[in-house]
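The structure's right below; bear with me while I get my questions together.
In order of appearance the chains are A, B, C, D and E, and numbering begins at 1 in each one.
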């Protein structure tokens, strides 16, 4: 039951995002467009590149989808609406999201094409940049909650949401989350204007559909994670908990899309440089501030 | 109950053996490091098994696991550093060509 | 729900998705096989048929970052247990981790000063 | 218990299988990712052995570390794609022998030692993480700080060995927008 | 063959079913187009694809419709065939305003170049896809340029080349498939032949002995100082046959690598400076004792000799690049105490492995010798103008060298045409700036006829030219947005461009606030400045820059300054000075506003039309500041026929800058740098 609800949420969220994305790019609001796109992908040929590493090529889209869904599975949408509220939930989320990289390396290496390969290895550089900025803000929320249970992290924000308690952490996490989902302005591995699709370049037909779905689900998962860690999760007045979770998640997801809509792609060297020279010190500062706050404010 | 411990230890032992094989048989520095990683993985399995089935109350066991993981990371960082330097100087990280490393 | 059950559910979920995707593939396959035509399977490169394999030694220019990352990343392993007990232990925990991070940060600064934090 | 034994066995086999695959494929990326999955299977074994924190940690750490290993493999191997299918090993018989002897020794130790009484119940995961935290800030504090020193050493060593020294003033904040080849010529 | 099969050449095979019908309908309502030559050409023609419910696809893999805009050149025609072949079925061809390319099947739908025609064609296409996405027996698409011969080679014996898979007659290994044919493989072929030559002289029954013998042979000639080591080495070989076998395998692969990298080596050498060239020696890669002062082939094995710099020699033989030389000596000195050469012997005799492979490879700034990869970007690359073929040699994601060619370059060697036809042709040949070239032709012809400029006509013409400049710069902004995944910019600039193209003075004046806000927003967009600043800076002393590119680097280069009409309109040139992509962006902003001011003063734009000329013979020359810079046309006409034409355009000059701009840059930066030049491949004269 819970599983069905969470999966349904993810699918609906992905559909909504696709509609909004199409609205932003074409200016038309067509609710059926994503379904049509999915169906037409289903009906097109799946081409396998010439001398591919077939195993990698096939595994990558599935792995990406599995990763995105497993990430969502440990995030509570409401006090009881969670597939698995692991005792190591916050860490598990990190662990699962690390496999996005594995999937992209596979997708990049698999087809033996230049654009894809450059895209795949670029994403490794991107991970080296954003990874710390995902992990450290989560640690800071765990400090406040005294637990790695995601539900405990939500409950710890009962008085004050983490976005207010540790705004620095939120900003860093939000940016890093967009980079993790490799959406514009951090779409270096796919980069239509630089790599003509990059890691996506060789996928056609149903495999491309799975890949696209996985990317949308990834955005939802990361938005849900932002909600859980920084926006007080299901908490809010009047409305039932699950509604709050959904509203916040969608708001974060849409804002992620909007950021990409209004910004040009970042340079890889800038991304790495800024994340390491600015981001990591700031993330450490955030931990220090949270530590002091916890000690000073009872 | 004992079987699980034995099973884990067997796995650790075999991983250790595979790692030894890899470290000895490979000609390339990076591949040798893979062998070392497997040896350490075998050690990790044993450590966790010991902790879990013999002394779950002694958390120094878990601490030890963390330290071994650190060693893995550190070994990789230094190993790759050496590999880069070596490749820059010689154009190769093959051990058979590494006359000056063997001494 | 015990931890084992939780992980079993997650494993089942992963397998379920795999199954769903495979059945989707099957559905797509039922619509027809891919026609083998010349040129179709060559990696798309903007209108040029480039048949050469690209799997060569790839120059990753971020290896300076990568080396530091490998070592620096380990800090996370220590940070999670620390974060969980931080409130209870209090100031000592802050100092301990402060020293730990200060030491690591030294390494980062060293790398930075030596030019590891740049495109090589 | 049966479930536990089953999963320890399955993931153990997976770890060994992937571990063997590391040395049996000519494609370097496959090799590195096989190692990754071997390590991840080890992480799953930890999970099966109820060491949750360590298991998840292992799964997380190894994903990034082994991926970085993959790129270094691709950088430094002669034929990273394995298209030539060449054999990159030497002294095979000796190595197999050594590996077998090592494994056999370890196995016999495992089988013939008296491991004493087995503890049936492990503390739960949240408990474990907390206890590990207390351990780390208490008894093992020095171990913890020593780890920092180790990491620092590694960072310094890796940087010092791997990063080429360039002329002062070259490294401006803008990461190397300049022309690399020109610098090379200048250094000649 | 059923009737459906003939209607959509790119249909999938399949009998009608409910699911297939749904798929067809979904495809029809979700048209994703690959635009050839490129979306910017469609925009310049005033086509609004979004309004026709079409989505622009970045790759052929993601496209259902191949949308061809205008006539294609022969080369672009071939590229289009490749793109079409790489599209998954069902796929359709839509041709707008031109004949269907010869290498493609019959166009499924064709129409004229206008928005209404496009909308109508889209509807037809949708009907077609909805009904005929699946057909009983569609034809395979094949074209001569798609052909590749597969051959099977032994990884260890490159001379074994078979047409069928199987095992090597010499060593029994499985043969590896390799594609032959295509120009990129040509070098590899030659190389293989050389090897064949080399191996013919020997019997292969005693492979192992042969190998070590040959290596000893190497030794003897190679150097005298390694005798003891030679001995040692020999010993090793005989002791361990397995090992020798391995080495041989290395060698086999090494040959493969060598063959593969051969062309890259050449690049490296081309790159080397003239000073390096002067003292070059040529040595045989297999027999180092063969040395000549001029290129040729080795008398022992017939391989092509490779150039080597004498000073470099020692370093190279030890597998050490020149610039690390000192460092290496320190190293070995420490470790060996005088056994400097031990590893050298080692390398050159037995281990044809990494050291051998990498020693001749060019190195990047950090001294790591990696494989360089030649990657095509274009002619239909989403981030670059269509028709521009950029070939970059990549070292990882860095560009070591690049070269741009135009596949749609204008051919000025024309037969005699009537002046009117000439004007139309020239305008049609420049889809990105038709008005400018129409004006250019008109002026040149009028000048040839001895007509004085008429201020009244010139006013309208200037307004039309300035309007086109605004539209063209907006088109560039849209392209920049496409390159940087900056969706908002693409949408906004494209919409404004479409509005500007046909606007009269009133409408243009009404657009001013919109343009101003676009520019203001761009200049304050976070990341954009970081993205562009310092990218694409032109080397000092770049000659003959024109247009916005010149003015962005502080040159006062503008043909409009010399124009009396523009002085009258109050034209004032403004220039940026930094000379990078950011400066070019700002320069174009400035020019959009300047042009708007000019149009406001000049009045309604009027498309240039040839005035009545009374003397149809003579020679004329005219210069127009096109959106991309000054273009000069010189022509001779006789009795109303244009007989000779000479065109000097800005892009012909700018395309030569590409090689300098991309060298040593990160891939993304290189592409942005190329994009910032705003090249129009049509305006390149061949």
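Here are a few things to note about the model shown:
FYI, a residue touches a chain if its C-beta (ideal position, glycine included) is under 8 Å from a C-beta of that chain, and two chains touch if they have at least 3 such contacts.
Computed from a prediction, not measured in an experiment: that's the story for all the values here.
Contacts with chain A and chain E are shared by C, D. Under the touch definition stated at the top, chain C and chain E share these contacting partners: A, B, D. This structure's chain pair with the greatest number of C-beta contacts is B-D. Centroid distances built from C-alpha atoms place E farthest away from chain D. Overall, the chain located most centrally, as judged by its C-alpha mean against the mean of all protein C-alpha atoms, is C.
If you average the Cα atoms of chain B and of chain E, the two centres end up 46 Å apart.
Measuring from the averaged C-alpha position of chain B to that of chain D gives a distance of 7 Å. The distance from the centre of chain C to the centre of chain D, with each centre set as the mean of the Cα atoms, comes to 14 Å.
Measuring from the averaged C-alpha position of chain B to that of chain C gives a distance of 21 Å. Those residues of chain E in touch with two or more other chains are numbered 12, 19-20, 23, 59, 61, 86, 88-89, 179, 353-354, 357, 364-368, 370, 373, 375, 381-382, 396-398, 666, 669.
Taken residue by residue, chain D touches two or more other chains at 4, 27, 50, 52-53, 57, 60-61, 64-65, 68, 71-72, 74-79, 81, 83, 89-90, 92, 124-125, 129, 132, 134, 136, 144, 147, 151, 154-155, 158-160, 162, 164, 175-177, whereas all remaining positions touch fewer. Along chain C, residues 3, 7, 27, 31-32, 34-35, 40, 42, 44-46, 50-51, 53-61, 63, 66-74, 76-78, 80, 83-86, 93, 108, 118-120 each make contact with two or more other chains.
Chains that are in contact with each other form these pairs: A-C, A-D, A-E, B-C, B-D, B-E, C-D, C-E, D-E. Across the complex, chain D meets chain B through its residues 1, 4-5, 8-9, 12-13, 15-16, 19-20, 22-23, 31-32, 35, 38-39, 42, 45-46, 49-51, 53-54, 57-58, 61, 65-66, 68-69, 72-73, 75-77, 88-92, 94-96, 98-100, 102-104, 106-107, 109-111, 115-116, 118-123, 128, 131-132, 134-136, 139-140, 143-144, 147, 150-151, 153-155, 157-162, 164.
By the touch criterion stated above, chain C contacts chain A in their complex at residues 1, 3, 6-7, 9-10, 13-14, 17-18, 21, 24-25, 27-28, 31-32, 34-35, 40-46, 50-51, 53-55, 58, 60-62, 65-66, 68-69, 72-73, 76, 79-80, 83-88, 90-91, 93-94, 97-98, 101, 105, 108, 112, 117-119.
Listing the residues of chain A that touch chain E in their complex gives 24-28, 32-33, 35-37, 39-40, 42-47, 50, 114-115, 118, 121-122, 184-185, 187-188, 191-197, 201-205, 208, 260-270. Within the complex formed with chain C, the residues of chain D that make contact are 3-4, 27, 47, 50, 52-53, 57, 60-61, 64-65, 68, 71-72, 74-83, 124-125, 129-130, 132-134, 136-137, 141, 144-145, 147-149, 151-152, 154-156, 158-160, 162-166, 171, 175-176. Residue ranges on chain B touching chain C, taken from their complex, read 66, 69-70, 73-74, 76-77, 80-81, 84.
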